[in-house]
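The same subunit A turns up in both complexes below, where it pairs with subunit B and then with subunit C.
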Partner chain A sequence: MNVTWLLAWRNLWRHRRRTWLTVGAMVFCNVLLVFLISLQLGSYQMMIDGTLSAFTGHIQIQHRGYLQDQRMRQSVPDAALLAQRLREVPVVDSAAARAEAFALASSEERSFGVLLTAVQPHYEPRVSTLPDMISQGRYLRASDAHEIVLGSLLARNLKVGPGDEVTFLGSARDGSFAAAVATVVGIVHSGMDDVDRNLAQVPLGWFQRVFAMGDRGHAIVLRVHHLDQVDAAVAALRAALPAGESLVVLDWETLQPGLRQAITSDMASAWFMYAVLIVLVAFSVLNTQLMSVLERTREFGVMLALGMRPSRLARLVAMETGLLGLLGLVLGIALGALLTAYLGHVGFTYPGMDDMAARFHLPARMYPRVSLLSLCWGPATVFVGAMLAALYPALRLLRLRPVAAMRAA
Partner chain B sequence: MSSISCHNLCKTFRQGDEVITALDRVCLDIDEGEFVCLSGPSGSGKTTLLNAVGALDSPDSGAITVGGRRVDNLSRSAQADMRLHHIGFVFQAFNLIPVLSARENVEFVMQVQGVPAARRRQVADQVLAEVGMAGLERRRPAQLSGGQQQRVAVARAIASKPALVLADEPTANLDSSSAAQLMDLFVTLNAERGITFVISTHDARVMAYAGRLIKMRDGMIVADEPQQPRAMGA
Partner chain C sequence: MRRVVPVLAILAWRNLWRNYRRTLIMLLAIGLGVWAMIFMAAVMRGMTDEMVRNGLHTLPGEVQIHQRDYRRDPSVVNSMAPPSGALLQALQQPPVVAWAARVRVPAVLASERGSRGVTLLGVDPQAEAPLGSLPQELVAGRFLSGADDRGLVLGASLARRLETGLGKRVVIMSQDPHNNVADRGARVVGIYRARLSGTEERFLYAGRSVVQDMLGMGGAVSEVAASAGDYRHVAAWYPRIAAAAGADLEVVSWTELDPFLDTMLGVQDGFSLVFMVVIFLALSFGLINTLVMAVFERIREIGLMQALGMRPRLILAQILLESLFLLVLGLAAGNLLALLSIVPLESGIDISGVALGMEMMGMGNTLYPVLALRDMLMSTGVVVTLGLLASLLPAWRAARLDPVRALNTT
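Entry: the complex of A and B
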């Protein structure tokens, strides 16, 4: 082995307890970072899946401009047929057509403005979890002709329940007056006030007749097997779309820009906390290496006297720190991976999580998600932090004079 | 390479408000292959002169030439290279690197010089055998006696084949038997390899080995005389 590396390695173990304390701090920090980042990424995955599976889907196909300006006329032709075709694209898990219109919903006692959403009752449960959140009655069926499901808060506001009728007044696609009566068959309670206050779903066929849509819809909602497949699916769908139509393929980040922003903002605050942790570890490394350099001043003086250049001494200290950091990195990743993989398998919970999870229809246990990124990101940053912390003691050596150093006690 | 020439060397140190003159207009010439002892009481300037000649410290004024090359005005890197390739050092406190074995200590300078590993090991073992340390190559300094440590230090000093070895009080921490053995070793290396030795000491028994004795006091050379060196083992 190269004598300098040998020297660096053996120097580490001159004060075993001190070295292990520093390595211990790095390992603790790395295990914590691996776990927290895995948990964070896992919870983002849950958050994204939860939000997208509730309503938006991973991808939507809409008429160009519909997302920004929801006009009835900006529609998707042959919506049901197109959804049928897209279900055959290999990367697509499921697809369902939807249409939307603003309408005034009236019961015997009250009226409210709602966004009426038309769905394919047979396919909607495959792209959305809302049909599973029926708290009263049932969800729509393919055979339904003029039935409707309402959000729990909307139903309460309208003072209706299953079996009651609601009248809708709105403007059809051709500008004519759209009016119809629908019978409430189910109440959805999602726990999300916004959804429960506005949800009103009707069968697509009924909607197309009432709102003079013909065979048109406003969106094809698609799910892929896994979030990672979205980009590939977007590319495949663009190729599969009929030429000449003004249709666009929108991924979930475009459909739900707030979701990405929320994740980015959460990551920023988490990284601030991680940065504090890393700085503390870096100071621990700085302390160890500075002590180590100060107590070896005489020895460094001898090395300089023998002809070693100061820059090489600085490199020696950097090598020692590198080895120290590498120990912390390897042990931290190994222990962090074991802990996270175990908790990722069995899941974990904390007091109060059951209630919150039930409210938002999320799993009652959290599952951290181990990935190459979550394993390496934190520990690599700690390693870089440790190397930066070693700069000061290493740079001190550049100013060392052999005679003065050899006089040091 | 080993011829040393010092011209009008002056060096002062500050100790609080007091200015101490360590070298006072020192002029000195040493030829290749000489075995020279610098003697004098503590504070007479022996170590300061050795440090200046060995490019470890620069004088305030004056010029030092080693092997025809000025060393007092070199950059720190050039001084380091000069020490690495041309000068061997033996210190009073041995100054071996505690975490390296005897062999690794000897290899250390050659490693810095960039000598290939196989060659380093071969030379280290050969030099250790030459100084009487065969069989103890794998021992760490803490496992060696003072005399053995100083032999390893000598092996380290000569492993890179320097033309000049500077030894600062090399026997001060040794018992008289080890000191005599060390001086015999120096004499042998001087005779067989032609290495120039400049040794600072205030031990009369060490001075007896020198072919030239330079006496210093208050930073000045007060006597510089050739002498009949003591025979080895005597």
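Entry: the complex of A and C
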């Protein structure tokens, strides 16, 4: 260890209480940052996974304009065949065709407008988690019979259960009147009111007959193995699509623009708070270092008189700050990781959170997840802030004149 | 004591400026912290207000009256007779400033190009207008002229999706009380735009008597909404309406209709407080540090004062006063900064870049921060209380110094 480092370390402990208070400020800030950033990153991941696995999948292939207008005629030709072909694309985990139409659903006692979603019963469970949330009866089978699965609230509103019949009235693709009867085979209960109030799934083949769709669908829903592969998959799919058709490949950020924006805005407001904390800690460091430089003016004067170069003095102060910051960094990361790991294990909640969480498809109990990024991001920023704060006291030393300094009171 | 306090105050004030650099840095830190506290609280208050406003806009009227089963089963079957007798009287008295009875049933709207599930609102425009429940902005055509207007007003985004437009004919289908499908052709007479596109796609306006005729429900309605002007004070008057409505009807306030909004309002002050305390804790290290150093530099001086007969209590008071001056100056700076930065922003911050994300939370694309006296007072309270508490330790240590030892320290 070189002499300057040793000097810096010893100088740090001349005012033990002051040093510990400054380190304390950094540790407090670092622990908080580690915890909050872990929480944020963890919940973003859950938000994305929760939303995508329930509804949209990672990628969809649709007719151009269908996303905005959802018109019946903006369809994907040969949907089942196309899904079959896309399953062969290497990065694609699974693919399933869907179609949608609004219809008036009537039971014995009630009528409601519903959005009918037609799915491929065999492939749908591989792109969506909803088929696993059956609370009564069963999910659709790989037949094209007149079967339907309803959300629990919709079933309650229609006053139907498994075995009951529901009549549909709507308009078919060619503008003609579409009418059919389907038998309820299962009830989905997801716990998300929005889903349970609206979900109505029927087999694709039956739907295509009733709504005069031929072999068309409205979307091919795809999943990849991991979220990171989405960009690669989009490129591969664009290449694999038949030329000449007006089909577009849409990634989840296009399908769910609100999701990314909700994350961005949450990130922005969180960083406002982090920035304030970091600046306050930087002030604390500035104060400590400035005091420690000022009270040593005479000492520094003597050192200069003995021939030490001012730049070395400045480096000494920078090293002191570096050691101070490092202490805060290490303790902060250690304590932050402990706290976060503990809360990540037992989970926690706060009042009002379940309502908020439900809006973003999050569970009511939060489990922050420790990762390298969440551990280092905040504390590293605090460290940089502390070093920047020490610039002013360190640079002051460059202007120090030995004689004047030794005479200072 | 009366003569001592001014002296102590002068001493504390002068001591504060002995090391003006340290004091200024600390003032800057406190000022910035206080500014951040108030700014964040103002933004949060603005967001909550906006959410509540938007929320109330989609379920207008702070109090709604329904048939007992309607909320669980929003069907035409569960409709109620229009208000009469005691209920009518209660609705026509202050503090109720406006009320309206409407039909609100699920329906399907079909054009020649497609169909959509919607909520059909059969309204009486004259009664709804003072409630503020009608669309604020019409992009084409006109709004309904009265309860027997035979036209339809629909949202711009619904019109686009159904490929229909002003003057076109569409078909509404819904259920009548005997569960027959009732349908009716109607002409689109107006197209509106709403703050949230979800609203635009969902609500379809028609004349109340026309809807009642179509569904064969006579004079019955689905809900009665009433407003007294300020949504915050609903708890004061809605029990009276509930009493007048009788046992067959359910009277609910918006806090029950949208518990999310109510929770948001409830936790908002809590969030602000937590935020303020966290910011203060980050500050407190610097504050304690400053005082510890101030005491450390003056050990001999304090020893001398004690030797000359100054009581420990007065030394404690002097240090606390020094801390108080610092805090109050910082608070003044922070509050001024908050005032200067928030007032120009109160006309709205454009957040349309993340509008879809905000819509998930029920917000429009402009954020209006609200500078509330309550937040300023709360931050002052937090800073002064916790600040003095944090200063107790260094002050206590100074007061307990042994004069002989203190005088002999180098």
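The rule is simple: the second predicted complex is superposed on the first by the 278 of 409 C-alpha atoms of A that agree within 3 Å, B and C clash if a C-alpha of one lies under 4 Å from a C-alpha of the other, contacts with A are read in each partner's own complex, and residues count from 1 in each chain.
What we mean here is this: a contact is a pair of C-beta atoms (placed from the backbone, for glycine too) under 8 Å apart; a residue touches a chain by one contact, two chains touch by 3 or more.
Just so we're clear, the structure is a prediction, and the values are computed from it rather than from any experiment.
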{"item": "Partner chain(s) touched by A:F112 [first = subunit B, second = subunit C, both, neither]", "value": "second"}
{"item": "Which superposed partner A:V302 touches (first subunit B, second subunit C, both, neither)", "value": "first"}
{"item": "Contacts of A:V403 with subunit B and subunit C, given as first, second, both or neither", "value": "first"}
{"item": "Dominant toucher of subunit A (residue count), subunit B or subunit C", "value": "C"}
{"item": "Which of subunit B and subunit C A:F348 touches, first, second, both or neither", "value": "neither"}
{"item": "Contacts of A:G258 with subunit B and subunit C, given as first, second, both or neither", "value": "second"}
{"item": "Which superposed partner A:R71 touches (first subunit B, second subunit C, both, neither)", "value": "second"}
{"item": "Touched partner set for A:R14, first subunit B, second subunit C, both or neither", "value": "first"}
{"item": "Sites on subunit A touched by subunit B in the complex", "value": "2-4, 6-7, 10-11, 14, 298-299, 302-310, 312, 401-403, 406"}
{"item": "Contact set on subunit A toward subunit C in their complex", "value": "15, 17-18, 21-22, 24-25, 28-29, 32, 68-73, 101-104, 106, 108-115, 156-157, 169-171, 175, 257-266, 268-269, 272-273, 276-277, 279-281, 283-284, 286-288, 290-291, 294, 350-352, 355-356, 359-360"}
{"item": "Of all residues in subunit B, those that touch subunit A in their complex", "value": "51, 54, 56-57, 76-77, 80-85, 89, 91, 95, 97-100, 104, 107-109, 111-113, 117, 156"}
{"item": "Residues of subunit C defined as touching subunit A within the complex", "value": "19, 21-22, 25-26, 28-29, 32-33, 36, 40, 43, 73-75, 77, 106-110, 112-118, 160-161, 163, 173-175, 179, 181, 259-260, 263-264, 266-267, 270, 275, 278-279, 281-283, 285-286, 288-290, 292-293, 296, 351, 353-361"}
